[in-house]
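The first chain written gets the first letter, and so on, giving A, B, C and D; residue counts start at 1 in each chain.
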Amino acid sequence: MATAVTTTDFSKAPINAKLSTEQKLKLLTEMVRIRRFETESLRQYNGGKIGGFLHLYNGQESVAVGCVSLMGDDDHVITAYRDHGHALAVGMTMNECMAELYGKATGCSKGKGGSMHFFAPDKNYWGGHGIVAGQTPLGLGLGYALKYKGLKGAAMCFMGDGAVNQGCFYESLNIASLFEVPVVYIIENNGYSMGTSLARSSAFKSCLAERAEGFGMAWGKCNGTDIYEVRANVQEALARAHIESKPTLLEVSTYRYYGHSVADANHTGGYRQKDEIEFYKQNHDPIQHYKRRLIEEGVLTEEQYEQIDEAAKSEAAAAAQFADESPVAGEETITQDVYFEVDRQTEAGRTGKHFFND
Amino acid sequence: MPLIEYRDALNQAFDEEMTRDENVVLMGEEVAEYNGAYKVTKGLWKKWGSKRVVDTPISEAGFIGMGVGASMLGIRPVMELMFWSFAAVAWDQIINNAAQVRYMSGGLINCPIVIRGPANGGTNVGATHSHNHESFLANIPGLKVVCPATAYDAKGLMKTAIRDNDPVMFMENTLLYGEKWEVPEEEYLIPLGKADIKREGTDITLIAHGRAALTACTAADILAAEHNISAEVIDLRSIRPLDEDAILESVSKTHRAIYIEEAKPFCGVGAQISSMIMEKIFDELDAPVLRITSIDAPAIYSPELEKRQLPRPLDVVEKVLSIC
Amino acid sequence: MATAVTTTDFSKAPINAKLSTEQKLKLLTEMVRIRRFETESLRQYNGGKIGGFLHLYNGQESVAVGCVSLMGDDDHVITAYRDHGHALAVGMTMNECMAELYGKATGCSKGKGGSMHFFAPDKNYWGGHGIVAGQTPLGLGLGYALKYKGLKGAAMCFMGDGAVNQGCFYESLNIASLFEVPVVYIIENNGYSMGTSLARSSAFKSCLAERAEGFGMAWGKCNGTDIYEVRANVQEALARAHIESKPTLLEVSTYRYYGHSVADANHTGGYRQKDEIEFYKQNHDPIQHYKRRLIEEGVLTEEQYEQIDEAAKSEAAAAAQFADESPVAGEETITQDVYFEVDRQTEAGRTGKHFFND
Amino acid sequence: MPLIEYRDALNQAFDEEMTRDENVVLMGEEVAEYNGAYKVTKGLWKKWGSKRVVDTPISEAGFIGMGVGASMLGIRPVMELMFWSFAAVAWDQIINNAAQVRYMSGGLINCPIVIRGPANGGTNVGATHSHNHESFLANIPGLKVVCPATAYDAKGLMKTAIRDNDPVMFMENTLLYGEKWEVPEEEYLIPLGKADIKREGTDITLIAHGRAALTACTAADILAAEHNISAEVIDLRSIRPLDEDAILESVSKTHRAIYIEEAKPFCGVGAQISSMIMEKIFDELDAPVLRITSIDAPAIYSPELEKRQLPRPLDVVEKVLSIC
């Protein structure tokens, strides 16, 4: 059941054709905001302000923004550790995100989660998960809950091309197909899992998404350069979820400009050549592609673009300042947010000992 | 009070909580049409239908993770592991997702899930099927761990576990499913974190969880009848949260204690309780706190030998006599 | 890459055409021995001599016997808990198998493994594994070791139709295909995983084995009624492993006459009807089918068949007696066979404390 | 003696053992062409090629199980988990197959595998990536568990682990990879099951494993310099097998003990050691054996707070002063 949107000019796809100028500019703005946020966080990481890992989303912006732009009230999102793009796309503020990277009390997870663990359930955003593919059964569960509650929504569950080799993903595909769960799995295929190219990690037929075929599930593959193409394909999958309550596995070709994480020094000249990165930047950059497109469409000027970019840059810089000036939470907060019942001091939370340091 | 099988007490708890809350859903392998491998969910699929009682494929990581995800959106899944031993294939979903999603989200997400099933040896099903995971799971902050020893406890604790807003790991015992205890007809709840003094005594405190609590009771009876020793038996019922007060109070009275459990010794629950007692009331102790556990090897199949591998009442009696 | 042996009269397949009369009678005899062993063990279980689980192989005999009959010196076998058939087929004695069921010291695992855990590494038989699909990465490892050592062998790894929904199986398929590991995965599809029919446990396209397609792996499906058909298909997969060092996923349709285990009371009139069982016994019994075939071929008479059957019956009864009369191992053996170094009392085994009961 | 980084000491161990035995093969994610996520296997793929140093897909259950299966046929795989935390997705393969196949086969099958990688918190990678599994794994009879604290120990123990015929769980530490220690140029082996007295002392015994042993050493230095307290530091090095004699001898001399570890408290290694000391030499104790662990919550990300979550030398000093 390979599915493919047949138009090649994806601006003609109904979901794109009906976009207002404002909506189009918003798509562009969101992609630019993500890129500027990432670049700023890289700078701050290098300045020693941020700990742990930092997995940047630069180059992949069309995927998160394209998908999230299609979300209705009952559509939900969950992803892996490369989660800043999705977070900003669903409407989390740069301030709370940057403060989380700084490990500050004002961070979206109060400094408890860090880069890999952003969450905003009020915006239907369920993280941010560090264990490769560990979020794939959770995404299934979100879809399951929606169906259980009789809501016409879907869960979009993102993952990398390396993540497809974790077993729980196939357990999820089978259950999704068997139970007709409205979940859309989206493989952001950026060609590498850390230093391992797709060809060295996965055996497949025409593409990774085709593995869904054996589970009787709809699947498709599209290119992430053009946000219109992403939207057209994802829209179809969402409709399948909303209308038929059926899952889809979609693979989106994309590329990351930086290393796997900022600790990955091998990514230029090691497992991939500098030319390759340049080639993608020149020919497949989703922001530049969409910018050109919107200028062609006559809804954007170079000056406007500069304004958008400048605004995003300042917003990111301000977020860094906000994070820097925010306080670290007190030591006593280390044991908060472990148990609901303890935090609320319910009767359950007050009965028996929950923590064992003394 | 009617005498009810342990499995039926659980069954009543499910039925009552499903009536009370439409978000409670039972899931697991063979729980619906087959009535459960151990018939704990008998009749519930027939009564409640396929939406509320759901058979899953043999995909523990997949369906436990699905339950965790659904619980984040407010469903209250009660997930059966046909054996708790099979948690090994869903370990990541339990210790990372169920246990830690609240923390990593700074308290934004709750995970009101119950994961349940039998966790015990003694049924000659070999090493792969006879794990006791309670010490591992209770080590993980974010999880709660419950091990009822009687039908009464099982029902009261299960109802509380389902209403609890944190993930509760609920450990039953196949050797107890068919045993009967008095269970009241009117509704009752038992809080997590409250131990039960199953025998009162003055000379020594026997502390235990799960089926070992019954072994301790039998031992206490023998000690009273044959050795004139009055043993107090504390059944923890819930390992995390833990009723430390009950333990400390009792040992402060008896000055001697032994922990009995069916798990393996190294870093078991007994090690935790024993070292806690020493830390807190060292001066009250007239003898070292001792431990009785399963013999330290993988669970043996041989029915004759497996009987010997698990703690028996007479093992307890002997150990008590060594320090009383 | 679906593969199919094109002959429909599988006796004509070269691997079968070249069988001697003796070899044919051996195939039949092995199937009959398995059936008689199982029936005897059921009787002894009901008599209270055997503990734990007992998963009988009655109805599936052609699979183990057909596959094992093709094994060369460097071919290996591993399976799940329904493992008596494979054990006898590789040449384990009824005595050691029955004694294992009794939990006696003379059992193949000294009474430590029980029904689900039979092993005979000297016969290239690696068990007997209780965790559903847990053996699938082990089977991969056997194939890996063969290739590493430069041997022209294959690992045959058996599993049930329910086992295909465990994630580690897909991790294994990907690695097998990517690394070109000589492993043959064989799904013994008996239609049910405990009380769950195939349709209620699995979503698939044409069959379970087709799931291999998405991993770029060869696959096939055949019927287990005719042991010639099993042999012809498995032979092809073994050749692929031996010659090309490539894996195959084969699905064999078969049927079990008894419940999932002897504790399964639901299996007639519960999740399946008595008629269905009768239908299979009448039309698909691998022993009856092969018996008729050999009579047609003129290499077997009814009397000979009776003799084979009687001999198997007596052998099984004698095994029960052997097991009954065998001693239970001493209590001190409980902590033996845990660590190699301790058992051998090497320096490593004598350094530090390994057991913690006192 | 040359000063060598902990990671390079391990690297030497691999290289030497690969030279010695053609069945030794290194496997894991990014261990070959990328030289290892933490560069522990640097240069080995280049030297030994793709047969001996193998990159795997992100399929821990699949490749760890593959290693177990290969080891049954005599290969000696040294498997890297990029983080020991990821063992959660391979748990079944480890606790059932690696640990128990020997037992279930009545001793017919051996599993000479090493599973290795970093197992620690303290690097701000959050709760999912900072698990300490050593207490769980050491609970399982059939497994051996090793936690070296220095480059010297890491090399000597790794060589022994590779030659050992049982499955060895080898736990390294990302915070130590870049630290240097003296490592002899000539070959040496360190047996599993032998603790190392890292400081001699007379007033109290500090027992620890892994990086906490270094914390204990720093604390001992402070105690000597500032409080005139002479602390003996015992680094277990190997948790199972365990050098009980070393512990009991030392505590019989000092009459006081504290266990320090970076894991969570409930049922930790400290609980085991503390209760063991009480059981065996209760009368030698002048004070309860105490424990210092990570603060009992999932690992926090916040770099400032995570420093506080793990035991610091001053926490040890303070605890020592409370009983000395």
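Operating definition for what follows: contacts are C-beta pairs under 8 Å (C-beta built on N, C-alpha and C of every residue); 3 or more make two chains touch, one makes a residue touch a chain.
Being a predicted model, the structure only gives us computed values, none of them experimental.
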Reference chain B; chain at largest CA-centroid distance: A
Of A-D and C-D, pair with higher C-beta contact tally: C-D
Cα-centroid distance, chain C relative to chain D, in whole angstrom: 39
Distance from chain C to chain A - Cα centre to Cα centre, in angstrom: 45
Chain B and chain D: spacing of chain centres that average the CA atoms, whole Å: 30
Whole-Å separation of chain centres (CA-atom averages), chain A against chain D: 36
Multi-partner residues of chain D (each touching 2 or more other chains): 57, 59, 61-62, 88-89, 92, 96, 103-104, 126-128, 141-142, 240, 264-266, 272, 276, 296-298, 300-301
Multi-chain contact residues (two or more partners), chain A: 109, 111-113, 117, 129-131, 134, 165-168, 171, 174, 178, 200-202, 335, 338, 355-356
Chain B residues within the chain D interface of the complex: 61, 88-89, 91-92, 95-96, 99-100, 103-104, 126-128, 131, 135-136, 138-142, 240, 263-272, 274-276, 278-280, 282, 285, 287-291, 296-298, 300-301
Chain C partner contacts - residues on chain D that touch it in the complex: 23, 25, 51, 56-57, 59, 61-75, 92-93, 96-97, 101-110, 112, 141-142, 144, 160, 164-166, 191-194, 238, 240-244, 272, 276
Partner chain C, residues of chain B touching it in the complex: 29-30, 33-35, 37, 55, 57-59, 61-62, 85-86, 88-89, 123-129, 264-266, 293, 295-298, 300-306, 308-309
Residues of chain A defined as touching chain C within the complex: 165-171, 174, 177-178, 200-205, 210-217
Complex contacts: residues of chain C adjacent to chain D: 76, 78, 107-113, 117, 119-122, 126-131, 134, 136-142, 144-146, 148-149, 155, 167-168, 171-172, 174-175, 178, 335-341, 343, 347-348, 351-356
